[in-house]
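Read through the structures below before going on.
The two complexes that follow have chain A in common; it is paired with chain B in the first and with chain C in the second.
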Partner chain A sequence: MFREKLGRLALLAPFMGPGTLLIAFFYCVPVVLTLLIAFTDMGRTLQWHFIGWANFAKLFGVGARDPIVPRVITNTLVYVAGALPLTVIGGLLLAILSMRVHRGAGLFFRTVFFIPRAVPPVVWGFLWAWAFEGTPYGLFNGIRTAMGLPVVHWLIRYPMLIVILANGFLGISLAMLVFSSAIASIPRDLTRAAEVDGASEWQVARYVIVPMLKWPILTMTAWHLMSFLNSYVYIMLITGGGPYYATEVWALYGYHSAFSYYRYGYGASVMSLLVIVNLVLLLVVVRAFGMRRMLIRGKIEV
Partner chain B sequence: MKERWDRVLCYALLAIIAAPFLTMYVGFFLRAFGERMYLGILPKEFGFSNFRFLWEPIAWGLEQTTVWAALGNTLAFAITSGLVVTCICMLAGYALSRIEFRGKNFFLVLQLFLHAVPGQVLLIAVFFLLFYVKLLHKVPGVALARASLEIPLGIWMAKGFFDGIPWDVERSAMVDGCTRFQVWYRIFLPLVKPGIAAVFIWGFLFAWHDFIYAYTLLPGRVKLLSTLIQSLVATEVIDYGYLAALSLLYMLPPLLLFVFLQRALLRVPVFGGKGV
Partner chain C sequence: MRGVLIGIIVAVLGLGLLVQAQPEVITLRAYVIGPGPMGIKKATNLELAAERLNQILAASGANVRVEVQVEFSELKWGPFAEKFYLDFAAGNAPDIVTMRETAELAEGGFIVPMDEHVRTFWDMHYFDFYPNLWEGATWQGQIWGIPHDISPTGIWYRKDVLRALGYTDAEINELLPPDGNTTLEVVARLAQEAVDAGLVTYGILHRPSKGPGFYNVLLAFGAECYNPETGNLILDREALLAFYRWHQEMVDLNVIPPSPPPWATIHGTFVAGDTFSTWASHVGTPSEWQAKYGLTDEALANDLGFLPFPPTEAARAEGVGPVSVHDFPLYFVTTQSEHPELAKMVIMFATTPEACAIHSRFTLRPPYRKSALDLLTDVDYIMRTAASAQTVRPVPIHPQFWSYMDRAFEALKGVEAGIITPEQAVDDLVAWFQAEVPDGEIIP
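This part shows the complex of A and B:
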């Protein structure tokens, strides 16, 4: 028995060993480490002492308060509340529209909307920073100047809107692709039958297509909820969290605390709350979707 | 008649939503190849002066580097990461596809979860891990950390490719006296060449596009193309034409790789029922 187990292990080790090690080292250890660093005062010198709950107390405004935190929380809520519906509804709309037009045109528009995900983050950030630059050298202000209109300081006046749009359209590009391949897999008979019964385009979309897409819509919503909560790279590239914390979201604040202000302990406590939120969300997803269903995905996956 | 109007409406809506993006993309190309812009948007003539980084050093602030140094770093970073992802995923994907063991389903679901948790959140801890194993500020070390982010989905991809190979192939090899590892190395690897190409592209592409890991974990003077472009955007005076041209160069290699490997990707092995 024991020998058999050992043989099995020897058989598996060369195949599963390297992957398991790397995943343990770069995923599992960092999760624990983040939670540990959160309880230290690690700073610029990388020296650390355990200081108990002090970081979290500061974060929640017990004793020494961090005046930025309420602002960051509001920003995060506004950001997610803006970008998530934009992604799901926009992705659905574009998928339905692009499946309704001619094949070639549909492909063209899907390519246009997929480009955000195909270009590197830095280039996408640069495109937005350039397009909404507050001088005539920026793209849209250049066009405005050419038309004789005054320059608008987009990134100063509407920073949150721009961040939401830039990230929302990134989400849209994935959601649109998933939804349109799901729509393509709906048997034509169903939509035909509805059309024969006198349903309008809108009714077909509302009562036939959307209910059939329940599963992809749920997956994409859960996926992008986590993605928007965790992601800060694009915000960092477009506005850098500014002007004056106007677009500083929770994850970005954690990053800035650690790597801009060199308060690693405090940054880790910000991030560890995010890690906990992630774990809770994952549990909810598992409860809602079921473990088995997660394994049998496909069919509607791209 | 009604149907036609519906279709026109579809086109109109799509065009309206796409218009700002098309303007951005077209403007980007015009800016890269245009010289002496007219009204800031339309070029008066076309030329390659924006591509002068190909023969001149690139300077930002008081520092400077060449595009070739950055390109070399990015290549080293992306290829290391791609190779690590390929090796690990091809090994694990085989085991997950062919060998039964306890905790297999758990492992597969775990990979999905890990893929859902972006590595950016764990960056502080990764910073210290690399610091303690003395790999911080070194391209291979950071590439290893970056590679681990793509392993979860890479494993699923590799497993999918192995799943597509009939059991008979393996059984006949084992009957002929191959060990598991020989089966993997001699029989399976040649059969899943498209899978190898796909997984490699996966690892390579994300490392090539990576910004945050390189920006945080590599020292400021070791520039990848991504961090180089970012530091040029962050300077006071921004030459947008120059940056657009540099971005084009940055986006070219993945495209070339894809074109080259497309043949491998399309060359899926065809199985008859017998005599493989």
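This part shows the complex of A and C:
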């Protein structure tokens, strides 16, 4: 029995080994280091002292509290709640529309919506920042000024909406790609049979396509839930988390604490909590979505 | 055999003579920050210093020479300091570094004190550095670095806009005298007039980030942030509230935009005459405006005015006067230097009147020592503004000072954007202050 197991492991090692090593080295080691730093007061000078739970106590408002934390938690929830449905529903709609309309037109729209994914993050971020700049030099304000309209301070009035849209559009491209591939895998007989039976486009989508995309939809939801929870790059580029923490999400707060305020210890404690939340969510997703079934069955139910 | 022996003796003697003739070269490394390209002379002056020092060493017959390898960086202050600390942790710190974080560096044991050096060479070299500058180099009673660059902050405004509003030059000089003997309300009123008349897009633009100019405005409201007697940071609730309320009012009046535009817009619109007043600059900024934004000598002489930050009326009534501040970058010698005394000598030669004048001429910043002025009599702008060096006030040297300013500035952005009220801004700041600055003093 033992030898049999050992044999199976030896067989798996060449396949699983490199990936496992990479994860251990580039994920587990940094996580352990981050957890250790979280219990210190390490700052920019890299000198440190062990301070126990002080950083976490500040985050949870025990004793000296960090007044920004409640705002950051609210922002994170709003941001994820806004960007996630936009991405999944938007991606699904685009995929269905582009796969069901004229082939050439569908390909064109899929290509257009995939452009954000091909653009470097800095370019994408600055494009949005420039488009919504609150001066006559911004794209939309330039148009408004040319039309004799006053300048609107977009990034002050609608900062969260703008970062949700910027991240949502980026997410849509990936979701659309996955859903399009999944739709392409659905046997044509099924949709044709529905059409022969007199089903409208809406009915085909609602009763044939969507039920068959259950696994891709769940996968994309789980993927983007984690992705948005951990994302901060585009927010940093577009609003910098402002104005006055209005778009400061948890991951960005961790980044700012460590690399703007140079409080590595505190930043590490912020990120440690994020790692824990991620692990809990991962377990929930694995159980709720039936990861075991997802792994052994085809992704499209036929 | 005899020939071989003679040959060996001749070779050894020759090698000895050769060794004697080749002086030992000691290499020093230096990290110098601009930031940006304008600070390059701070780097080249170290190379010049090595040349001068080597001339003296050669003349005195000393069998040693100095070579300085300077790494000039156009990075911003934060990443530059980060690089230094990483190199220090790796045991690879330079001998000389220019930074601003005196307290952090001294407290952490990164730099050596310079008292003895300054005392020794006072009569010969340091005697005519402006006395107020040493305050910016002193922490806990010790001198830690050598001043080598000053840029007093203040208010730049457009005289041509005021002329277009109907003011004569005499009236302008009376309203906004170069010594700053006026009030912030006067500046604001003129800015509002310019905006209301449609002459400019922006009345006043302040910095888009924390910095000496931001601290300077706090002082204009009487919001002292540091107690030099106790060495603690101060949070003055009332003064801060007045500060935030005033900015909120300025946004409501369209004098200040609800979010500060980026640097390029601030500089560009001011030079183009589309901003009445910028609070984001200092005496030496015209060199940057000339290099990057096309400011002409004529426009600088005729159309632009500068004054230290005047106090508000309320602060003035409490005895606050016009003030310019400066966050001193200093030449430091690191504790990892194997030749700290030699490094100090190089720094001394990098701050001669000649070196000081080279830096001032290039940057249009006032010289930091009096005798350099004799070498700059042909630069009219410097002669006009040089006096600002004698009254400039250093920003507090405290390890948490800039973290404090960071939070205060974020709160300002929140108030201007209408995200929080001035009261909330002060409450948040107080909460942060209580959590992070346990020995801080709060004035209710």
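Observations on the model:
Please note the rule applied: the second predicted complex is superposed on the first by the 259 of 302 C-alpha atoms of A that agree within 3 Å, B and C clash if a C-alpha of one lies under 4 Å from a C-alpha of the other, contacts with A are read in each partner's own complex, and residues count from 1 in each chain.
In this section, a contact is a pair of C-beta atoms (placed from the backbone, for glycine too) under 8 Å apart; a residue touches a chain by one contact, two chains touch by 3 or more.
Note that the structure is a prediction, hence the values are computed from the model and not measured.
In the superposed pair of complexes, A:Ala258 makes contact with chain B only, with no contact to chain C. Touch counts on chain A: comparing chain C and chain B, the chain ahead is B. Of the two partner chains placed by the overlay, chain B and chain C both lie in contact with A:Leu46.
Touch criterion not met for A:Arg117: it reaches neither chain B nor chain C. Contacts of A:Ile156 after superposition on the shared chain: chain C is touched, whereas chain B is not.
When the shared chain is aligned, chain B comes close enough to touch A:Ile143, but chain C does not.
When both complexes are overlaid on chain A, the residue A:Leu94 reaches chain B alone and has no touch with chain C.
The interface of chain A with chain B overlaps its interface with chain C at residues 46, 133, 136-137. Across the complex, chain A is touched by residues 78, 81-82, 85-86, 88-89, 104, 108, 110, 201, 257-259, 261, 265, 403, 406, 410-411, 413-420, 427-428, 431-432, 434-436 of chain C. Chain A meets chain B in the complex at residues 8, 11-12, 14-16, 18-20, 22-23, 25-27, 29-31, 33-34, 37, 46, 93-94, 97-98, 100-101, 105, 109, 112-113, 115, 119-123, 125-127, 129-131, 133, 136-137, 139-143, 145-146, 169, 201, 223, 226-227, 230-233, 236-237, 251, 254-255, 258-259, 264, 267-268, 271, 274-275, 278, 282, 291, 294-295. Those residues of chain A lying in contact with chain C across their complex are 44-47, 58, 64-68, 133-137, 153, 155-156, 242-246, 260-262. Residues of chain B that touch chain A in their complex: 6-7, 10-11, 13-14, 17-18, 20-25, 27-28, 31, 39-41, 84, 87-89, 91-92, 94-95, 99, 101, 105, 107-109, 112-114, 116-129, 131, 144-145, 147-149, 151-152, 155, 180-181, 184, 208-209, 211-212, 216, 226-227, 229-230, 233, 238, 240, 243-244, 247, 250-251.
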